[in-house]
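Each in structure tokens, the structures are laid out below.
Shared between the two complexes below is chain A, which pairs with chain B and chain C, respectively.
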Partner chain A sequence: MSGPLVVIGAGLHGLVAATYLARAGHSVTLLEEAAVPGGMCANRVPISNFAVPPGPHLFTALDPRMIKDLNLNLAFVARDLPLVGLRAEGQPLLLPRDVHDVKRHLASLSQRDGMRFAAFRREHFAFARAMRALWWEEGTLDEPARSTLRRMQVTSAAAWLDGAFESESLLAAFSFDVLAGGLSPAAAGSALLFTWRAAQEMCGLQGAVAIPAGGPSQLIAALVRTAESAGVTLRCDTPVRALDSDGESVRGVVLANGEVLAAAAVLSSLSRRQTLIDFLPPGTAGFATTRRLAKPQSCGEAKVLLTLSALPKVFEQPGRYVIAEKLETAAGAHAVARTGEIPADLALEIVALPTGGIPPVLLSILVRPVPVEPVGGWKDHATRLVQTVLHRLELHIPQFTGLVSGLAFVPPKHRDPFSIAAMMSPRRTRIETPLKRLYLCGEAAEPVPCLSGRAARIAAAMVAADLKEAGP
Partner chain B sequence: MSLRATPFHARAVEANRLNAWENRGGYTLAQHYGSLAEEVLAARFGAVLADLSWQWRATFSGDAIEAFVARAFTRNGAALEPGLSLEVLWLNDAGGVRGRGHLVRLARDRFLLVSPQEDRDWLFSAAALYGVHCSEQSAAGMLTLIGPTARKILSVAGIEAEPPPCGLVHLTWRGLDITVSRLGLGYELWCDEDSGLIVWDRLMAAGRPFALLPAGQAALETITCESGLLYPAGDFAPSRDGFEAEPTPQRLGLCRLMDRAHAFNGKAGFLAAGRDTVLSGLLLGVETAVPPQTLNHCGMPIGKILSCRYSPSLQGMIGFAILSGSWPSGDIEAGSVRCRIVDLPFLPIGLSPDTSQSAAPGGRDGTGGRPRLT
Partner chain C sequence: MPERRGLKHLRYDVCIIGAGADGLAAAAHLAAHGLTVMVVDGAAATGGRCVTAEFAPGFFASPFADELPAIPPEIFFGLDLARRGAILAPCERLSSFADPLRMAVIARVLADASCNPHKPGVFARTPAEEPYPGEAWASRARAEIESTVAPEALCDPELGGSALTLLQGAPGGLVAGGLGALGQALARAASEAGAEISLGLEVTDIRQRRGRAVAVGLSDGRECEARAILSTLDLKRTFLSLFAWNELPKPLVERIGTFRPAPGIARLLVALSAVPQKPDVAQLRRPIVLAADPERAYHAWKSGVVSERPPVTIRLVSAVDPSLAPDGAAVATVTLGGIPHRPFDGPWTHDKRSKLETLALALLEEALPGTASSVTASELIVPPDIENRLGLTDGDLMGGELSAAQMLGFRPFVQCRGTRTPVVGLYLAGPSSTLGPLATCASGWAAATAILCDLKGQP
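Take a look at the complex of A and B:
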């Protein structure tokens, strides 16, 4: 067997990659900067009497094969959550998985949309299934899928959905999803982000979303147990200072305390920028790559957490609630966010979670689009953003502010610049780096940044194969 | 677009009888001074003086200069002694050739790059990663004196200092601070913008007994091609993207400019681009230019034509070909055109007329025109 391997970052992806490699017989050291593993899934945001993770509360992309391979035996509080569009006037628009139900709910808004929804979803899911071959397998696309891909590459999400449906409430309900990836919904190719979402599979259902029982931290706890039983050496409170490189390949990592860990291969679950720019001498990753990564993504999503003394009636049905003005204003909001200002037309995704304690309800609210680095910094803007969110909720839920007993704010995460071109590149190009023996296995290796574990599983298999090919 | 004038423009205007001009690097330059053939032949048998001030020149200096030049260029300039130069390429991240030029070490912490094509954005932003200071030097005048009598002309003019091959010397020449180098086909003389006309006049006066002629850019291109030098823009389109893997050094037959012993930008892409190729000369049996296309021998592809042009010295079309692996002797075809492969250079500069004749079709080394593979 080859020499020891090092995985940087004990978040979901790092744990998955380390476990797969350890199970393949490698000696793996998993390094975590924080005191506890988990990354974005670790409970480290205090609110009221709890601590919650800074990352998402629901999962759209957990890799089913990873869950099965690692025997995680996950339980879910809710699976296949419907999308619920909260409307300023009238009943919320419920979009469950059953297209007949969707048709019924849409009937009051638009007969035409009701008729078209089933065909739209069928075609969309079929294309999304085909795209899996490009994103996660070594396969190739058949000609119909290739033809659709060519069209989607140059189609904006806003134009595509606007051409498909006429109901403003339905389009507004999609506003949150089209702002994924920090991309403008008016940008060419943004329609593909929708496809990426549909290509995910949760609980055996394509395009579904689910909330794990006990929250994301339970998933991490299960992964830590699995990793440790596989023989992974987990070292928390161990920040990495640099990668030990000769300019062409990586030989190990240099820890902040000066210790050097030699490694046959290094896998990083951190961002591409952190891995290739912060940990390596200037220019080592390539001049163009360095330049591309120098400017992080300008737009992202912030998280507002609210604890409530009671569950508002509107959230009684489990669902993924979206509050957005109009699809057509989403592009304008994105443009405002890019300038470093907080846009007025924010799209909110709200999930209500029972806490099992006091206060009894936690509202996890993702807010898009917001500037990653607003003018003047988040210190000035966080309060304003929370006030805007509360105001928006107050419009839909009278007396809502009176229910709030605690709040917390999580600013947007710095991410690598996202490009549609990356969604078209083969999986190997996302996982490999310009340096030999250095691989990415985290969000940066996904077609669209997400917590899925899929990129980590694939990266681990790729590394194991490369090491085997290289020989002892 | 307004074109700039080089420091020698006033003299070029006087000599340019047919008013034939061209734009190169944003400068107005004489395309020829009356007869392209006359100028090319003068470079073979006497000497010509040509304006190279359009070439892009940039200096790089700073504490981390060695790390920068080692990474940025395909040959390790950090190993150079001051006053010497290397011919280098620079590649993008995927191994595509962005440029070719001469890297001159001016001092321990200062380098100069001379290139036929500007790549300011790429190199300056790369230098910024290392905290290396960059500045353009393109305002200064640069003349080249090419031909068998070039050395004699310099001596008559009072320049006895002889720079080493691929090197340069700074000197004071009758009150003017100039630099003389041997980076290209002949001698290059570098001077201040204000001294340009004086330098031109002194050289022309010294060259009069040797029938020194001013040469335009067309003649310079032809001489360069005859000398077997392949340059960006004229002979190939360099990559202008950071991640495009074309053109590779292999596709241009420039593998000899790659130093595999050190890590440079784009090395992984270069190594992944396949085995080395050979840049070779091609004599074409037509009188008009042939577009880039595949070369065949008995119907089997053996390489590609890069570019071609008419050579007044050889009285025929010559071109560059990229050949992969071995190939059989005898005629090959580019479409319907019959061609013959020969060694590069077609005609080495400075050879006497007797010697140069042996490079005519058929080859000068008795191998039936086959290039050396070493």
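Take a look at the complex of A and C:
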């Protein structure tokens, strides 16, 4: 074949891309900077007697084709987790996948919203199906989808939801999701981002909103097994220092120890910024790209982990629990976070996981919106943030603090600035880079940053086709 | 319906609700083309926003704005406004980025207005819609382009989509004698063309027959039949208060209910016993913009609070037009942005007003040191006052938030873009229509173009 290929980063995306390429008959080297593969899914954060991954605690969009192609045989602790909005008073609001159930749960709050919800979902579903042509396949959009897309790209998520529903509790339950991507819910286009997220869940994809048995690291373990049996050479503890390029195309990678690996093509599962700015001489990626990537995302999500000596009654029903006051305040909170302060009204997403050991329960809490780089660093702010989170939980669960036996904090990750334009560009533009033979296959290649494996599968297919075309 | 004897039966080609700049421009354009036109306004004088009042003996100011967005040249000359008394003092260009875009949008709306949307034939294909000019700006942030934010177009400049607020506020220049002179010039243009203007007469409702708006009910009990009805009120007032609640389709009412208001403004008109001094006299003629934190002010407005430092524009209007103040005295206006229509803790009270007035005077003192001692009279106008006097919902002069979802082809909403509304026979101009915040008179002109096209089959 046409020479060896290099994939940078042995996270979920890197592993998937490498496996697909190896199966297509290429010789693939997968480079990982850490001692173990997994990236954001590796068990790296110590808490009590356990270690948990720093990344998201559940998968919302695992690619069903990837799972089938790679024979992953995943077992799930829970699938199609309902969204549960905890309310200050009254029963929690349960929003399962089944529309009729949602209608029933909403009936007590607002008859109108109950009726609306089904239509809202149908609309999302149709839109998501139409958008496949743009997001994941090669094709063109039909006219109705195009006009919906044009409307979405100017609408803010807050206005979108406000127009759809009237019940405060229902809107509050969406508060966490509207803050996705570090985008303000009042920004034009955030409706599109919210819809994408909701569409992922609704399409009934295998493993949508699911927790694999044994946590995300089990998925990584399965992927590593598949990759190795496909013939991928996995090299851990091998940080990359730079990409070897002649200014136009990439010829290989330079490792931190000085070793140069020649490659017919390089796939990076790292962020666009790391790949194009940190690994290349200044100016190689082009002025416009450099300028766009220069300013990192200012808002992100932090993770707070708590081990509990017992499972509070509230969390007995499996689900992802959202604690948020109001949807209206989310935009204000985002504005505060953008200035580098910790906002007072945070939105929390909570998942309770059984540990199978002692202490028996792990509470994984994602907090949005938080500044990526708070004024004065994370040192003092981390304590304050954890205290705020505990205080919020205490309000909903009496004597909660007494149950906590251990805690850990993961600050937000630096990400590429998220742009709505990327969501509307065809998939090829996300995967290709200004340099020839350099491709992106990680979160940067997804329409929206997420762990799905889909972008990696598509990138691998694209690279294989490009190499075939270039000839031996 | 009971027989109303002794009352004249009114029948016109076009009935225009509101005698503001848009209504009068439309009236003049339609009457000039031979249609019979009646303009109805509840106020005692014509002009709408274009009025100038004596707020203290000898001191005049335009209460709602010092200057309006520019009138497109072809409309200005078409109405022959200069000869009718609207003499504009040339203004300094603040931003030139949005000018070409504004022109393109105006051209697009006028082009859309002058082609009759025929009922598509059975086998007609719906053509792919041409993108609206400026859609590429819809996801950009204002902060990328310009750092200052005018009080009238307050937004969070860091947010995607806020770039479109730049379309608002092309300065039109100050009118000699205040905006009232412009209002009078427009009224003259309308009545000279043959339009009938009825003042002090409110429209109570719009009546439909067979799904078509055919008449308006007037407050004196008469009914005015019209082949076309043009409303220059804002969107919510037009649809939610002029129609019986069950007459419109529910989705339309719900859609209109979610139309979002823009941050309001407050204005303080100040009479000064002495002309403030500045080394450079030309400096006094220019608007003074004080540094502010628009982001904070915007979010404060969202939660119903007046920001400690709202964006503010101060203008010594008498420096440009000496006729507004007695000799040796001056008139200043302070425009504050981000003023809630209803503060979080209840309606505007005397206390809250005087607090806001103190803030405005402090800002005036900061901009023009030494003015505090020469203030002889002042008048504060907050959003509820604007609502009472102009009839704009929430006292929102913008007629709806200038967010990307409510601008260009999305203003007020897709089915109502341009000037034709989902109710056949009813046309919308004024602040909520596409051209409302972009230019003065242009939305009325576009509506008139659409009506001419629909009634006479000609542009």
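We take it that the second predicted complex is superposed on the first by the 463 of 472 C-alpha atoms of A that agree within 3 Å, B and C clash if a C-alpha of one lies under 4 Å from a C-alpha of the other, contacts with A are read in each partner's own complex, and residues count from 1 in each chain.
Here, a residue touches a chain if its C-beta (ideal position, glycine included) is under 8 Å from a C-beta of that chain, and two chains touch if they have at least 3 such contacts.
Source: prediction; values computed, not measured.
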Residue contacts on chain A - larger count, chain B or chain C: C
Touching partner for A:D162 - first (chain B), second (chain C), both, neither: second
Partner chain(s) touched by A:R291 [first = chain B, second = chain C, both, neither]: first
First (chain B), second (chain C), both or neither touched by A:G247: first
Touching partner for A:I67 - first (chain B), second (chain C), both, neither: neither
Partner chain(s) touched by A:P281 [first = chain B, second = chain C, both, neither]: first
In the complex, chain A residues that touch chain C: 143, 146-147, 150-151, 153-156, 159, 162-163, 183-184, 186-190, 328-329, 331-332, 335, 338, 419-421
Residue numbers on chain C that touch chain A, as the complex places them: 126, 128-129, 131, 135, 138-139, 156, 158-162, 254-255, 258, 260, 295-296, 299, 302-303, 403-405, 407, 410, 414
Of all residues in chain A, those that touch chain B in their complex: 246-248, 281-284, 286-292, 434, 436
Chain A contact footprint on chain B (complex, rising order): 67-68, 71-72, 92-93, 122, 125-126, 129-130, 241-243, 263, 265-268
